[in-house]
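What follows is a pair of complexes built around chain A, which joins chain B in one and chain C in the other.
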Partner chain A sequence: MAQIFRPSANSVAKLSLICFAIGVPTVWLAIAGLSRSPANTKQDVPLNQPVPFSHQHHTWELGIDCRYCHTSVEKSSYAGLPSTETCMSCHSQIWTNSPMLEPVRQSYETNTPIQWNLVNKVPQFVYFNHSIHIARGLNCNICHGPVNEMQITWKGNSFQMAWCLQCHRAPERYLTENITRPGQSPREQVFNLYWELQKKGVKGLTIKQRDEARGEFTGSDDAEDLAKGRELVKKYGIKVQQLADCGVCHH
Partner chain B sequence: MPLPPLNDRMITGEQSYATIDQSISSMIIDQKRHTRPWWIMFCFGIMGTGLLGVAITWLVYQGVGIWGNNVPTAWAFDIVNFVWWIGIGHAGTLISAVLLLLRQPWRNSINRFSEAMTIFAVMCAGMFPLLHTGRPWVAIYWLFPYPNIMGLWPQFRSPLMWDVFAVSTYFTVSLLFWYMGLVPDFATLRDQSKNRYTRVLLAVACLGWRGSNQHWHRYEQAYLILAGLSTPLVLSVHSIVSFDFASSIVPGWNVTVFPPYFVAGAVFAGFAMVLTFAIPIRKLYKLEDLITDRHIDWMAKITLATGLIVSYGYTLEMFYAWYSGNPHEWDMTYLRRLTGPYSWAYWSLIICNVVAPQAFWIPWCRRNLVVVMIVCQFVSMGMWLERFVIIPMSLTANYLPSANRMYYPTVWDFAMFAGTIGFFITLMFLFIRFMPVINIFEVKDLLYKMLGHHDTQVSEAPVEMPEPAVGRSF
Partner chain C sequence: MNLKTKSAILGFGVLALAGCNTDMWRQPKQEPLDASEFYADGAANRPLVPNTIPRGYARQDDAYYVGAENGKWLDGLPAGIKVNLALLQRGRERYNIYCTPCHGQLGDGQGMIAHRGFTLKRPVGNYHTDRLMKMPAGHFYEVITNGYGAMFSYASRIEPQDRWAIVAYIRALQLSQSASPSDLKPEELQSLSAKNETHDRLAQK
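For the complex of A and B:
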């Protein structure tokens, strides 16, 4: 009886086994890599806005406090986006003819809000609350990245659950104190970094502060920092045992 | 009047290697052997599969609210069906692995399709926990431990987690075992087939099997290893399934005897299902010489033996409910099983699983195929009822009487169940048509031994050396 396959079929069979052995882990790793990459998370990808608002200009060059626009960050779950009136509090006086600001004036005249594109978002089943994070002295840049350097705003971190849990499972690695005058609450300490940055420049900061300002701070394993962190955990009454429970964020 | 003894030969009739080829491989090569009954069963199966498709689509669209499950009865038909199907698969593994290691040659003519049954039953079973999660498309990250972007692992201390491993291991090993055994048979079919495309397809499926000594040597080694791997699975899979209940504190679930009792029940249900398929198929395709009355008799005896173990389990369950002195356990047994709104289910279960199999003590009943079929239907039904009695019934009453609530299945619960039966029938009949339903080479090997070349076990009287190709009557 005639052979069904040529001898080369043996090589094809062996090759297909090798391809399978390499292919399956490759596909698996590719999915794992892609789901963690900016292609999926949009981390570090500037998002176009109706008005090319520059945080770098407003906060660093002009030194405006974050809370001037994000008014509810200390009191509510939502940091808040500024109304057109907030923009117009300055821009009715300066750059009144700038073509870049045309959508702002348009919005003011027609009484319709500007539709900003949301850069940082969590799914609906995540009940994130800004106020508690501010009340524990967590700096904006730890989560949002170097906002003071952003021309067009991008997402500073992946905002994936594993990322949140880095701090929720070990808050002592992240908590710091930055007291410039006696009796400052942690809420008040949050913004000290920006005053110091304005005053001393990047070179004047400690390494840790520099990392924080650049949005590169991923927790400290330094013994002194950890001791301080544990002390703060105790002082603030943070229940670390419960901090990573499902119900903390998913209610 | 005593019955004449059964013919102890495992192959009967005038047989040669050619007649075995004729009776088994012609089922694939000669498609004309599949006549109207095949089509009727296939259509029946396809209709069920369609129903399953509709039930799943509606479930995925609408959510698990279409089922009767509701607190306190969060586990109901879905889990009942899961356990029932998983149990049915166990006979296949027992026949193919345990009986192989115990060197029981009578397994050779029934192992192939009972292995197929195992695989199809596990496929049906696997659907239920996935759909039970409500969102099967994300169930992979709820079930499997892998480093994910949520930084979460499943609860390794939960028997539900062990269940995922038990069932997926079971499916993988069963599939490999089944496929391994098919390789030499695919080669036989490749050599017999005339159609070019079929031959290429079979040549790929048999992985280039040439039947060399080396091939056979490796085959036997690998087959033994897989048998060794499958053997503990016969015990472990259903033990772990029973942990889902036994490790909880629900009265009626928290029973120490569950693991062995579940395993026996699984083999019990499995053999009933093997018989349910074996009897009509051997008649339809005239395989009575290969699956003999002796086979049926043995299987009926195993059904009886496992049925007795299961009955012992029921007795123990009741005894310990009383002996433990736990009032909740006793309330569950007395108020919810022996009496109460669901007592019909408990007593039907006793009739199906305890009373009906007793018929198999009588040789006449084991040889009368109609009786065997009827008893097997009772057993299948009884094993389903057993899971119904254990799972949703125990949940309807708990420690807090204010939380007691009756469970009522909906039409979708029944549709899902009927649908999986249809799906199972479809797969079985496709298997009968396109794959060798009996292990060709093992039966030939058996015949070789029976013809008297090597015989130690089969023929007691020395036989003359016949020509291998010449048929002999047994």
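For the complex of A and C:
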């Protein structure tokens, strides 16, 4: 009976074992990496809009408060997008002939809403609520990135569950106080950052505030900050043991 | 490979693919500001049915919700509003959000947007003119509610309670800008002059 395998089959068998050992984790890692990359999460990818609205111009250069347009951010789960009426509050007088604003005028005249492209979204089985995060003193940029520097808005963070859990598992790393007037509630402190940014510029801020303003704040491990954070967790009555439970976000 | 193995592999494959199912990501429900293919205007948010009032919005107290009573603007604040520090602080916060872009932090009509072109057609209101100093409080409430001249209505952005808080704060602004140094106690004068440029200007007069 003739041999089924030639001597070289030994090498092929060894090689295929090695390929299998390397290949499977490689494919697995590639898929994991891809699902976390901006190609999938759309993080840091500016999204085209019917009107090229610049947050940088409106908030940073003109100093308009976030809440002028996002009126319901403090009291509702939705931050709220400005209605065409809000745009026209100023643009009925300013840049009235600008071709960029044609969709806004069109919308106002025909009473049909502008269809913006959604930049920040979570799956519909996630019940995110803006107002509670504001009420605990977390400012916009911690989640949304450096909005005040965005010419065209992009998604500041991946909004994947692992990202949410960084804070939900250790809120003391993220909670801070930014009091500029006595007796300010955490909700009021949120917007101090933007006023201070207006008054002092980026260079006038503390290092932590600067990180926050640039959307680079990913929690503090400084002993003093942590102690303060723990104190705030207690003060606000945050139940840390339950904060990472499924039902908190997935009702 | 026999049939059993083949069907087992196929079965696992189908199960694995089920992980890519995103039915739950976009559910057949509408969230605020969603687009809709069903309604003619393309929006899921529905406007009020004409001639209806939402529950809890039967606003019959004219003094509070219109700012006028028997055809006359209310002089002072309505009965339901108590003037205290909290009201003024709330008023300052809301004023700084919604009014400063045009009217400026001092209420002198020199806000950033005023400088960007609003004045080209019609100057932005300055609360420190004679006309507005004498204006009853109800006027300011009514202007916030219904707009005035080139100014749009802010009724959809500012709640009635907050509108009154803003009116109270406008009064405080008017007082502050026509105050003289002698209105202050000496220690207040000292602490202010260290911080407040506006006060420095007054003190020099």
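Note that the second predicted complex is superposed on the first by the 236 of 251 C-alpha atoms of A that agree within 3 Å, B and C clash if a C-alpha of one lies under 4 Å from a C-alpha of the other, contacts with A are read in each partner's own complex, and residues count from 1 in each chain.
As a working rule, contacts are C-beta pairs under 8 Å (C-beta built on N, C-alpha and C of every residue); 3 or more make two chains touch, one makes a residue touch a chain.
Model, not experiment: these values are computed from the prediction.
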Contacts of A:92 with chain B and chain C, given as first, second, both or neither: second
Touched partner set for A:243, first chain B, second chain C, both or neither: neither
Which superposed partner A:13 touches (first chain B, second chain C, both, neither): first
Chain B versus chain C, judged by how many residues of chain A each one touches: C
First, second, both or neither for A:111, with chain B first and chain C second: second
Touching partner for A:226 - first (chain B), second (chain C), both, neither: neither
Which of chain B and chain C A:36 touches, first, second, both or neither: first
Which superposed partner A:161 touches (first chain B, second chain C, both, neither): first
Chain A positions touched by chain B in one structure and by chain C in the second: none
Touching residues (chain side chain A, partner chain B) in the complex: 1, 4-5, 9-10, 13, 32, 35-36, 158, 160-162, 165-166, 169
Chain B to chain A touching residues, read off their complex: 147-152, 190-191, 199-200, 203, 207-208
Residue ranges of chain A touching chain C (in the complex, touch as defined): 62-65, 67-68, 71, 78, 80-81, 83, 85-86, 88-90, 92-95, 111-113, 115, 123-125, 188
Chain C residues touching chain A - in the complex, by the definition given at the top: 22, 24-27, 29, 31-33, 35, 41-43, 45, 93, 96-98, 100-101, 112-113, 116-118, 120-121, 150-153, 156-157
